[in-house]
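Presented below are the structures under discussion, each in the form of structure tokens.
Both of the next two complexes hold subunit A, though its partner changes from subunit B to subunit C.
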Partner chain A sequence: MSLAPAQLFPEFVANALGLPGIAGEIVGALIAAFLVGNVMLTFTGVAGPWAKRKITAAFTDRIAVNRIGPFGLLIIPAAAVQLLAKELIIPEGADRPSYDLAPIVLPASALLGFAVIPMGNLGPINVQLADPEVGFALVFAFASIASISLVMAGYASNNKYSLLGGLRAVAQNLAYEIPLIVTAMSVVVFAGTLQTSGIVAAQQEALVTLGGITIPSWYAFVNPFAFLLFLTANMAEIGRNPFDIPEAPTEIVAGYQTEYSSAYFVLFYLGEFLHIFLGGAILTMAFLGGASGPGPESIGFVWFVVKIWAFFLFTQWCRAAMPRFRIDQLIEVGWKGMLVLSFANLVLTAVLVGVTV
Partner chain B sequence: MSLEKPEADEAVVPADDAEDIAALLGENVIGREEHVNAPGFVVRPDAVQDTLSTLKDEAGYDHLSVVTAQEYENRYESIYHLKKYDDPTQEVSVVVPADKENPVSESGAGVFTTADWHEREAYDLVGIDYEGHPDLKRILLPETWQGHPLSMDYDQDQPQVVSLSEHANPLQDDYKDAESDTMFVNIGPHHPATHGVLHLKTTLDGEQVADVESDIGYLHRSEEQMAQNGTYRYQIMPYPDRWDYISAGLLNEYAYARAAEDLADIDVPEYAQVIRTMGAEMCRIAAHMLALATFALDVNGDFTATFMYAINDREQVQNLLEDLTGQRMMFNYFRLGGVVWDLPEPREEFFSKTRDFLDQLPESVEEYHDLLTSNEIFQMRTVDTGILPPEVAKDYGATGPVARGSGVDYDLRRDDPYGYYDELDWDVVTEDGCDNYARLLVRMREVEESAKIIEQCIDLLEDWPDEERTIQANVPRTLRPDDDTEIYRAVEAAKGELGIYMRADGTDKPARFKIRSPCFSNLQTLPEMAQGEYIPDMIAALGSLDIVLGEVDR
Partner chain C sequence: MNDWIAIGALAVVGLAIPLGMMAVSALLRPSVPEQGKRTVYESGEVPTGTARIRFNIQYYMVALLFLVFDIETVLLFPWVTIYRPALEQGVPLLDVLWPMLTFVGILAVGLVWAWRNGAVQWTSSPRATARKTERETES
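Presenting the complex of A and B:
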């Protein structure tokens, strides 16, 4: 905990503006949250219309967008205009309040999750919005709101494919959230704290030094088994291949988002990509040493960004390479495999920690 | 080696058989006909089931290729083209006349399940009423269609009213009562996994398929009637390209070329035969590559790399085909009596390009095995799903990789040889898995066999003496086969037995042109594979059938 700097991002903003007291806390928090939120939204903006295409194209021997702007980057504003200019079609018989709320809840839940993620230093700024003592539990709580959004969308759309997608999303999240959190608990057992900054700080010591290269005690190195479990459950949690069955385009058209168009569709996609990045952020925080990396501590944020983008790349790689499970197989893997393994991992970790401490 | 050989065989073997069969059928037979490919037995319209089951059980004719219906001046007629899976050169035509005023004929669907769809098509287009048929309704045209387009009194100018209110409500079956807890879902006509415009009326019990019924006909373009309005010599050949349009064009053209050449007694020079065989196998590779690609799409999800890799390989074949024919998909390269032009000059370049492709093919196939067939999740998804037992496959008249994936050793290239196939060294691929995985494996292995065939053809063509390169026989400008000759001839196309029935009436156009589409029969097996399985398995089964709606609907 020695590394956790006293000053969080909102306080920094308040101090920079010279606003003291409650007013400073509120204004500072709003501005800081606005900035962090926008950075994440920008990532998704880059990822959705551009990076994803480029990455998939690289995997599949194609070129992808390259006509508009350098490297086709101007496709991003073009796609934004195109998507927002489309007609918003609301199906007859849609359950209105929930139909409209679902696309807002999904990105909102992911954005909320970023509130407690320690993103490292950027120059003098410590990019972390809040650091509550139960931050690690909170981030999972926020992330799992997503399944409510999917069910709302699936149910409210008045479409059978959507309904199937919504049901699949529930079954999948139930089956994989428990292993996810049980595996996360092993991290808590290691770090001895639920505070996110504390978990990151606990991973900073050197594990071993091999031939002059110091391997830090990231939990991915300390307990690779837990890392793999968490990675797998995380893929299911964010619904990416081989666990993309709530959408499963070739089976149930587009699952819960079948009936969404225009701005709502964009919101769903923003939400999905935000959840990928949030999944990457949690993984980075819990297993990859947070924002640590070579170089001075003041560029930690850059490492954080590199790590979450690496996770994004990984999801796209799986997408290009992996077949999709069938729903019953997915549930089977979840309940019969992942759950058992995650508890085994927890017991193992507890014994290890109990013996060594 | 020429097209005469199988024909000569038939002239001898069934002639012996014909008397036996006539004796077997007894008094059901009311007359005899002689088709070019097989003896025809005219049977009473109320003895169809009896006749078919006798032929199936006692004479071993277990393959109902197709049911052709047509109208004459004085009668309607259904022809059941029967073959043996063990030896397709043994053929019998069961000719069933029906009354002109009141065309009723007994249904054969009780004996061969495949007759279900074929008779529905006959009812739909020609207007024969099949008594005892399980569900006689239109299949290609909308239910509200007025008249039967291939019948003689059909009025082409009659306006067709297909209003939504008159049409069946697509959600009508969507009920839920105390007993059933099912949900009705329309998969298609527009759906990512239907490979075209196919409508699957699916009843789901949870995520499991309780019942599925295919609704086809969205891509019906009257191909048969268009062929009936074209002349044998030139005007029909472009159409086959458009049936199975997944660049399997030359295989389709082969079907027409074979049938018409046998009908009009045309010899094809050996050199042209080799070129034809080579081109056809290139098409097979292209078609199988696409089947593999889209199957990966169905099982892996969109954006799978395998899809683009396979498309990439198909692209290489298409480049070769473009060099050869000048076209990438709609080749129109065959002519009756040969092919339209010789290999592209310089020939060496074409040969070396083809060899380059063949050299890198094993590597590609290996990559697909790495990416797909050896992937554990993929095996979980495909092994033991979409089961089609061999007896069921035969009952539905399944052919091609679908039948061979169920262990039915049936390949017309070997069993009813045409072209240059029986001079070459290659193997028929079968797998015993009967599942989605086996069907995929068959296609992948067939690609390798096709490569072997192409390689041998290339070797032959390379050494062919300059002066003997005859690409076309001397065929009259106008062909008028003799009046009242009938023929049914099939070839092994990418999806199975693609056959054509033609009846000549002494003019330069066929009086009846009937296409036996392998996809049509194969698609009929879908409910057998899908019932009780999960939706994803049904999608995988549909993908493994590798249907092309252009050929299903014609």
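Presenting the complex of A and C:
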């Protein structure tokens, strides 16, 4: 399946500024990347200090932040200044280069994942930074760099809780990475391409029309079983309930981030929220039709934002409603359940596609 | 437009944002060095030893298993990518299907072997098992 080469965001910026050649490409790419990075940063800024509290409060019948600004929204800058102005306390015996690098790697890996996500159109702009032919494999490669950061943090802190948290994070990411990618492959079997824009484009045809309402062939409707598997594995990859074992507050204090304070702590928090949004973006791209929705194509970006925030809301709902797995249960669910089911899904999907094509 | 320039640009931005936040924080934050607060947290007790400790062997077992299956996913990616285009060009279904089925089948045998040998069963130390049995016999 080959697609008409759409003008991507960096090219749009370069043309708008009238910059030709390789210099124009680099400047356009940097500006576009800066804008995309800051949009994601804004999302995490809204999600972390404000939306998360408000949502949890709504689930537990409380009010939460409401003192500063309308709906307590000004808590966001207040929390940012407060957290950044905290003293940085480095624990005794910390393994220095590793201790300092871990909080840089986590948000960077999450941000890098957004490079290949097609975020739809915003007016005349096609908000997608890059569209390489291997995009769909690349996004998983970028997202899984996060595990390295968690091990670095856990090991370097010289704290037993941190070490356990880091180990748990690795065991969990390893166990659920395979089901995640194998389930994602069943999407590639349908789409026949690894290009992210191609995967989204393949989901735009109508599946069925029921009573005048056309249901698009989003892979969540075409293959709901794969959707559920992917959703579960995704929750484990980003470490949200019921899979928040790496930082289980009632068991190992705060896991790998126990000994982190000040800007380092902010960066871990930021990185985790970026990973939630990246998880939502991958889910949106692979199963929920990308940036498509009712209305003209030029507001696709709005639908993309709605979908990733819906995923964020879902993670917070699980946080309020679900108990946590134990580590032994986690390993068994992952290796004995999810792995087998994901391979069964891949083989069945391949056979079904083979019979119908 | 080169895709990899854009990805590289996002990598630069992705590193600049954390570094920038660290720099801003370094300008804002106080520094009151004191030995007491650098002690690692161990539920308020005086910490015993370092964190370079022996831990459950199971973490190695799942890492070993992961290596096998991760390489499998890497080798399956080309197959899933050409699967549909190959069918659309008229290659018979079984010809495209059997390499994957054989490959996944061999790995499934491997998983069954690991499963039967307890590699995916969380091991608990003999001491923990003994304590659990004691508790059960007491009650």
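Rule of thumb we're sticking to: the second predicted complex is superposed on the first by the 352 of 357 C-alpha atoms of A that agree within 3 Å, B and C clash if a C-alpha of one lies under 4 Å from a C-alpha of the other, contacts with A are read in each partner's own complex, and residues count from 1 in each chain.
In the analysis below, a contact is a pair of C-beta atoms (placed from the backbone, for glycine too) under 8 Å apart; a residue touches a chain by one contact, two chains touch by 3 or more.
All values reported here derive from a predicted model rather than from experimental measurement.
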Open item on the list: Just checking: does A:V266 make contact with subunit B only, subunit C only, both, or neither of them? Give me first, second, both or neither.
Closed with: second
Open item on the list: Which partner chains sit in contact with A:Y161 here, subunit B, subunit C, both or neither? Use first/second/both/neither.
Closed with: both
- [ ] Figure out whether A:T60 sits in contact with subunit B (first) or subunit C (second), or with both, or with neither.
- [x] first
Open item on the list: On the A-aligned overlay, A:A248 touches which partner chain: subunit B = first, subunit C = second, or both, or neither?
Closed with: first
Open item on the list: So in the superposed three-chain picture, is A:R324 touching just subunit B, just subunit C, both, or none of them (first/second/both/neither)?
Closed with: first
- [ ] In the overlay, answer first, second, both or neither for which of subunit B and subunit C A:I76 touches.
- [x] neither
Open item on the list: In the overlaid three-chain picture, which partner chain does A:K86 touch, first (subunit B) or second (subunit C), both, or neither?
Closed with: second
Open item on the list: Per the contact definition in the header, classify A:A143: touching subunit B only (first), subunit C only (second), both, or neither.
Closed with: neither
Task: More subunit A residues in contact [subunit B versus subunit C] - done: C
Open item on the list: Output the subunit A positions appearing in both contact lists, the one against subunit B and the one against subunit C.
Closed with: 160-161, 164, 253, 327-328
Open item on the list: Please output the residues of subunit B touching subunit A within their complex, sorted ascending.
Closed with: 183, 185, 191-193, 207, 297-305, 307-309, 312, 371-372, 375, 377-378, 380-381, 534-537, 539
Open item on the list: Looking at the complex, which residues from subunit C come into contact with subunit A?
Closed with: 1-15, 17-19, 21-22, 24-26, 28-32, 37-43, 50-51, 53, 55, 58-59, 62-63, 65-66, 69-70, 72-73, 76-77, 80-81, 83-85, 87-88, 93, 96-97, 100-101, 104, 108, 111, 115, 120-122, 124
Task: subunit A residues within the subunit B interface of the complex - done: 56, 59-62, 160-161, 164, 168, 241-242, 244-245, 248-253, 319-329
Task: Complex contact set, residues of subunit A against subunit C - done: 1, 8-11, 14, 25-26, 29-30, 32-34, 36-37, 41, 81, 84-93, 103-104, 107-112, 114-116, 129-132, 137-138, 155, 157-164, 167, 170-171, 174-175, 177-178, 181-182, 185-186, 188-194, 253, 258-259, 262-264, 266-267, 270, 327-328, 331-332, 335-336, 339-340, 343, 346-347, 350-351, 353-355, 357
